[in-house]
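A quick write-up on the structure given underneath.
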Amino acid sequence: MAGLTIDNVTKIFEDDDGEIVAIDDVSIDVADEEFLVLVGPSGCGKSTLLRMIAGLETVTSGTISLGDEIINDVKPQYLDVAMVFQSYALYPHMSVRGNMAFGLEESTALSDDEIDQQVTESAEMMEIADLLDRKPSELSGGQQQRVALGRAIVRDPEVFLMDEPLANLDAKLRAQMRTELQRLQEDLGVTTIYVTHDQTEAMTMGDRIAILNDGRLQQIGDPLTCYHQPANQFVAGFIGEPAMNFFAMDVEGDRLVGERFEYPLTDALGAAVEGRDAVTFGIRPEDIRFGGAAGEHAFEMDVDVVEPKGDENIVHLRLADADDEYGAHVSEERSPDAFVATISGMESVEAGESIVATIPPTAIHLFDATTGEAIHNRSLDNVDVSPVE
Amino acid sequence: MSAIDRIVDRVRRYRSDEESTSDAPLATDGGHRTGGLDLGPEFVQALPFWLPAGLLVALFVYGAIGWNFLVSLTDWSGLQASYWPLDFGMYTRFFERVFAQSGDHALSWLPAPLADLFGRLLTGPIEYWSFRNTIVLLIVFTVLTLIVGLLLAILIDQQIRFENTFRTIYLLPMSLSFVVTAVFWQWMYNPRYGIINSALETVGLDFFAVDWIGAAQFKLLAVIIALTWQFSGYGMVVYLAGLRAIPNDQFEAARVDGAGTIKMYLRVIIPQLRAATLSAAVVLMVFALKAFDFLYVIFGSRPGPGADILSVMMYRTAFDTSQFAYGAAIATILFVLALGVIMPYLYIQYQRGDL
Amino acid sequence: MSTSDRTIVERATTVPRKRIGLYAVLLAMVVLYLLPLETGLFTAFKTQSAFQTTIPVLPPIGNQFTIGPWGQALDRLWPALGYSVAFVVPATAFSALFGSLAAYGLTITKWRGQIVVMLIFVAGIFIPYQAVLVPLTRFWTGIVDIRGLLGPEGSLVALTITHIAYGIPICTLLFRGHFKGLDQSMFEAARLDGATIRTIYRRIAFPLAIPMFAVTLIYQFTNIWNDLLFALVLVRGEYEVVTMALQSFTGSMVGQYNLLMAGAFITALPTIAVYVLFGKQFAEGVSGGGA
Amino acid sequence: DGDGGSNELELVHWWTAGGEEDAIQALIDGYEEEYDYTVNNNPAPGGAGSALDTVIQNRVLNENPPGTFQIWPGKAMNTYLDSDVLADIGSVWTDEMQSAYQDGVMELAQTDDGTFVAVPVNIHRLNNLFYNVSVVEDAGVDPASLETPGDVLTAMETVEAETDAAGMAHQTSAQWSTVQLWEDILVGQAGVDTYLDVLDGNVAANEQAVKDALQLTADYREYFIEDAGSVSWDTGNQSVIQDEAAFLHQGDWAAGQYKSAEDFEYGTDWDYVPFPGTGDVYHVVSDAFVMPQPNPSPDATEAWLSYAGSVDGQIAFNTNKGSIPPRTDVSMDEFGPFLTSQSEDFGASTAQPPTIAHGTGVTPTVKGNVEDAFADFIANWNVDDTYSGIESAFN
Amino acid sequence: MAGLTIDNVTKIFEDDDGEIVAIDDVSIDVADEEFLVLVGPSGCGKSTLLRMIAGLETVTSGTISLGDEIINDVKPQYLDVAMVFQSYALYPHMSVRGNMAFGLEESTALSDDEIDQQVTESAEMMEIADLLDRKPSELSGGQQQRVALGRAIVRDPEVFLMDEPLANLDAKLRAQMRTELQRLQEDLGVTTIYVTHDQTEAMTMGDRIAILNDGRLQQIGDPLTCYHQPANQFVAGFIGEPAMNFFAMDVEGDRLVGERFEYPLTDALGAAVEGRDAVTFGIRPEDIRFGGAAGEHAFEMDVDVVEPKGDENIVHLRLADADDEYGAHVSEERSPDAFVATISGMESVEAGESIVATIPPTAIHLFDATTGEAIHNRSLDNVDVSPVE
């Protein structure tokens, strides 16, 4: 077992059309036994980073070390890492047993008996002992996924690398495997880097998450920090579902002036925007409160659409005096007067209804209008730290 | 292929890594590779796999064709090898004769059988006819075989019973040597008691009951039909695989979009069989090049202007009349011709990353 | 733009009728494909005078029937069949093996210039055999005197090696298609599992290429078995292979078609058997390779 | 065994079917009985001899020729002579042998300067007109009365008018049958001297004769059997045997086929006349053996050639082959009535010209060019084009 | 436009091994302009039903009518329905324009100009007008999805059939397309049947949802009814994420006795279980309340795992006195003393903590132990029907 250090790593692909900077000066320290989740939109370089660690891709510059050893140029077969692929990459002609034994046979000098014993043990741990003699094609997706994990586990590697290992499973199975994987990693204590672009996986699985965008590391920290204290607008928008509401606002004295509404600044906020002309204003859907009377931080809104999810409702709101500019056209952009809020499933609002929605000053985030850097994050004072009610 | 797949594919394609031991010192080369041949460790690792085969091919295939090219530059005729002087005389001679003819006929763009239906005589230098027939054979045979193979594949793909049996039967002619199939077809084509004309006359198509391998204008067509019979099974197998690789919902989407069966195949399915078409075409052209045996058995070394092809001509020039240099030149031209037909396809294939 | 005014006439009953039509076409094609074979088979059972006086597609009747040609043909082909097997089997196996190795080396590893090497391999497919007869014979006598080295059997060895070399390009192409179709992350997984390139070939690529081996083996077996040209110039009488022996049934002045057909069927028996027995593997393998 | 080379004689030939095969086997058997050598029989059949050419040429190029091989004597040997491949076999041609051979044939065995390089083993006559007796009788045609090639055309016209049979069994799927037909029409119309002049390359001087012969050949075509373009000559000949065609112009090997046909007897069912207009000409087709050099088995080869030139050898060979021996001192007792009559014609003939179609009269290159011209001819039957093809063939 | 009636439809596939009943006597009335969502686990027959409607599959028995017309035997090309496939099934060799025009060309007699105009209009509506000349392979997943929709819309069909059209998109895009699709359907007013196995889509998109299991219709109704008033245990378990907690309980007098805990019955519950020995007890994760003192409906529990999702936390609980039977092994079954609860993201609990969790009697569901039929559903009395707070 060992920690993994990624130090100023850059990866440049030479393409026919020029260079593609897939990873741009990324540094991450993964502690021993840590479970690090790597998230980011498609094409941001997650796989590339993982593959560099695995030795499947050269490192253009920077160093990757496992423990004290620089492994930049170590060939994959000499590295003690195991990788779980999105496609599972099981060997279709070998039985489950063969798949699991392969790595041990190739990379260790264990006797057949020892290998067999380890395979059986790991298979039992993964509850696939009764599948050992089947071929991958005779397994369901979930079972294949288990085998792929089993194949990695049996080798008892120093590092697990997982590239969207659950992406091919359906939601129920994914939820279940997610928990299993977490438990497993805890039990085995193997340093793990886990790539996903699934919100829930990112938030729930890792000790820390690292958010990449465009090859650059945006933030690294524990999930709740990233959620509540995003380093920049990208992170704030990327993490959370439904996504944070953003509005471009100008700073005018003690208030923020947007295209459709104004928001008076409290002292704390005022200090944050000091000396700026424009900011991006952010509020998470679950922080918008319904009811009460209109006030400086409470706005009259019309309920546009309600998406009931049972346990919660997603409510699309629009400022009451807004013209309906958006008709039959579907739009990728959020209009400057539309809010998304979530409320408990037990509360109910109807589309068309008018309500008052409060945007509490304690809950808002402010970002630099150009760089997107966070200049003010929500206060966590009213986050309960012990069982409530 | 989705965009993501393509990216991933590219990742794999360009992946390369460097040889080093695990305790190598810090090895950040700080830069990235520049162009030129990458003779890195992957190249070294791969060598043992392809080099032995490569050497065999280099020696026997390219060595021989190179030797042949050398011979084509000489004036060697007769049984005493001569390797001097070297010039392109044989090629000039060949093309002079080809072009002496080709300009003359308004109908010369038509395949020989068609042109002659319109009354043109098969006269002029045999070089011209061999060259032309070779191209016609190569293209018409390949296209026809692909079409028949595709039709067979579509029929077989209708979830029929005994699929394997049908498939094997259609594939069976491919197992036979040209020597055998040529004799079969000699009979099939006999105008007096051959089954083809009997059948045509039975169904009232007397007009088509011609002297298939006797009349010069039909010889090539007759050869093409027989070869199509022999190899359409291969086309079928390849297309069948191609059809099965097309997701079912393509068929269904077309149906839901209101397309009938024929429209569905023509507009939606067949255009997606490009890869299958290409790979079948390559193999079929190889067969077309080997059609030498077939023609040779039916027509001997002089099929005449109606059916002479370059490989037969080459053979007869070199081995009947000992004009080795001229024969070698013809062989080179044949090789280049085949490459000329196939290389554009391979290039496209390469561009799309499918090679 | 609504299509609801279209009359709805199609009923379920049309389906079986269509199926009948489909099978009718399929069977008609079967007749078409088997007719020449049937003709040849009947001829082989006819007497010398009967085949000249009867219509080929009709079966032999009464005293037109004989199995004489078969015995005679078998007699003359017997040793040649043995020699053919002796050289076709290794030639087929090695060309497929070399082809798969080359394709593996040119597909699984990544280096620049690979495509060029691949193209050179592929172009080799299109070399006309006639063009290389003189160089080949010169090579096998002048440069490497194979008969001098190995005795008369040397000519079979020369033929084998030549066929291996000429089979490699097409085999390489077929195998490359196959390897490219496999999930590449599987090979990466194997590397991470600690396997060397060689082990990956042996334990992953080779077993997975078995369907493709079926294709190339069948393809090459047929091609090499049926080849006459190389045999004619590389082999001497004492090791006459089966196509040469069959060729000798066609005399200079008289054609004995019954004998020729019997001989043709005997000659073709191995290839026909291969297709009948392994046609399924061939068809399925082709799909595996996108070949 | 030192200078004599191998005791095994490698023999390459293309006789692999029917009587031909029996003939070469008889010759081999006789040879092996007479001498202490064994024969490595190595046929290279196919393509009317061109497969053999391929093999031999390749081996000669590799300086690795067989002990002996079959060749058409005469100009066909030029390719090999030019390359000095054929050894002088004057020692085989003893005085006894020289006196026994007919002169015209002996010339074919020699180079221009009189060196012996080959031993002819048989003589076929090319200028025969076979016919089906009952068909011509039904048509009221008397073949014996035909005097010129033009008469044959009229006769065929009558046959087709009077009976259901075709005028002539012929094949045009390969050129050689038509080449030899044209040769005999030329001899029949213009005389043997003109023909020999043409063989010498003086085509232009005989333009009209050549064109007339071509024209008549083209005219004949109307009366060929329907499937002439698709069959081999022997398949076509079935038409004569089955009363479906009247005439056949062919070498005397055709008689072998009649002989093996059931209920088809010489004289009553089939008969022949010399091709009209060529009555005193014996148009010779011959095969020979040679001694290539360097030779792997000179002694055995020399013995083979001597045996092939001997009376015993020629009886063994020719009785099976259906040809007459080139030696004039062979008893015809065992040859049957047809060959005996041919032999008498041979003795009585005033000219024994060689042929283009079977390689004895022109060099392989010229033969190839002529065949190219005829490949055209049987495709389009264009006299002028073919004439110019023939004319340029000799250049 | 027309309603669709599915009347006692059964579909049986003949297999080598016998018969597979893919759809078993299903009847559904889809009103004109209705958006019906069809959900159910994999293999339950959703696609089969859709394909029967599209005419792609024969109907074994029963009738399907569009408007007044029975369409059982109408071939797909004569039906005026459009289908959107999970894989999009775009024609890879045609441009976007070609893809959209194809259906019009094949099924109408419109002139090229008219077709072009309609294509352009629909493309504008879908905001893909600038992609019209690209090939599908040159589009991102989301764009492809739009084109697939556009291809269906342009035909202006009587019915839209959509078979998991968003399954291949990533979460962000899926959320966005979901809203778009809904709006679109509202605007166009085309009767739509939408297959999914995504919870959120099922709950939020449809006017009604139909839940299938094993070929049989389980329940059909509006989303919240299905959520709060499930017809049986299957529906209760299938809808909602994390899923409802179930426990097998025996009825003993006025209390339910489970393997690990007992639950006193209130009067309402008592009436429901009248005359039964055993029931299945169900409680939704969000209905478990934290805090307070242990009581008859409040249990002491240990926090096993906390999965923070930012806006909410998923808390895995275990009854306080439970032995830890489940060690390193991952398990597919839920243990008889484990609960899953969700709490707001602003509340926080730590793994290992002990808490008191209340299971309010008003929120519990009871199901028949054998048939799974619902015998008591939660009371909706305390569901707020108007803006709260």
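Lettered A, B, C, D and E in written order, each chain numbered from 1.
Here is the rule we go by: a contact is a pair of C-beta atoms (placed from the backbone, for glycine too) under 8 Å apart; a residue touches a chain by one contact, two chains touch by 3 or more.
Nothing here was measured: the structure is a model prediction, and the numbers come from that model.
Trainee: B-D versus B-C: which interface comes out with more C-beta contact pairs?
Mentor: By number of C-beta pairs in contact, B-C is the larger.
Trainee: With chain centres defined as mean CA positions, report which chain is farthest from chain E.
Mentor: D
Trainee: Report the inter-chain centroid distance for chain C and chain D in whole angstrom, where each centroid is the mean of the CA atoms.
Mentor: Chain centroid spacing, chain C to chain D, equals 39 Å.
Trainee: Using mean CA coordinates as chain centres, what's the chain C-chain E distance in Å?
Mentor: A distance of 55 Å separates the two centres.
Trainee: Report the inter-chain centroid distance for chain A and chain D in whole angstrom, where each centroid is the mean of the CA atoms.
Mentor: The computed centroid separation for chain A versus chain D comes out at 92 Å.
Trainee: For chain A versus chain E, what separation do you get between their C-alpha means, in angstrom?
Mentor: Centre-to-centre distance between chain A and chain E: 24 Å.
Trainee: Could you pull out the residues of chain C that touch at least 2 other chains?
Mentor: Expected reply: 3, 133-134, 138, 188, 247.
Trainee: When you check chain B against every other chain, which residues touch at least two of them?
Mentor: Within chain B, the residues that touch at least two other chains are 4, 14-16, 190, 194, 258, 315, 319.
Trainee: Would you mind listing the residues of chain A that make contact with two or more other chains?
Mentor: Residues 42, 51, 55-56, 75-76, 78-79 of chain A each touch two or more of the other chains.
Trainee: Which stretch or stretches of chain C touch chain B in the complex?
Mentor: Per the touch definition, chain C meets chain B at residues 3, 22-23, 25-26, 29-30, 32-37, 39-40, 43, 55-57, 98-99, 101-106, 108-115, 117-136, 138-139, 161-162, 164-166, 168-170, 172-173, 176-177, 180, 184, 188, 197-198, 201, 222, 225-226, 228-229, 243, 246-247, 257, 260-261, 264, 267-268, 271-272, 274-276, 279-280, 282-283, 286-288, 290-291.
Trainee: Note which residues of chain A are touching chain C in the complex, please.
Mentor: Chain A residues touching chain C: 51, 54-56, 75-79, 81-83, 85-87, 89-93, 102-103, 106-108, 151, 155.
Trainee: Which of the residues in chain C end up touching chain D in this complex?
Mentor: So the residues of chain C in touch with chain D come to 48-49, 52-53, 133-134, 137-138, 141-142, 232-233, 236-238, 240, 247-256.
Trainee: Hey, which residues of chain D end up touching chain C in the complex?
Mentor: The contact residues of chain D facing chain C are 10, 12, 14-21, 40-46, 48-49, 51, 54-55, 58-59, 61-62, 64, 232-235, 238, 241-242, 253, 256-257, 260-262.
Trainee: Show which residues of chain E lie in contact with chain A when the two form their complex.
Mentor: So the residues of chain E in touch with chain A come to 41-42, 124-127, 170-172, 175-176, 178-184, 187-188, 197-200, 203-205, 223-224, 227-228, 239-243, 284-286, 289-292, 305, 307-312, 314, 316, 327-332, 342-349, 353, 355-356, 382-389.
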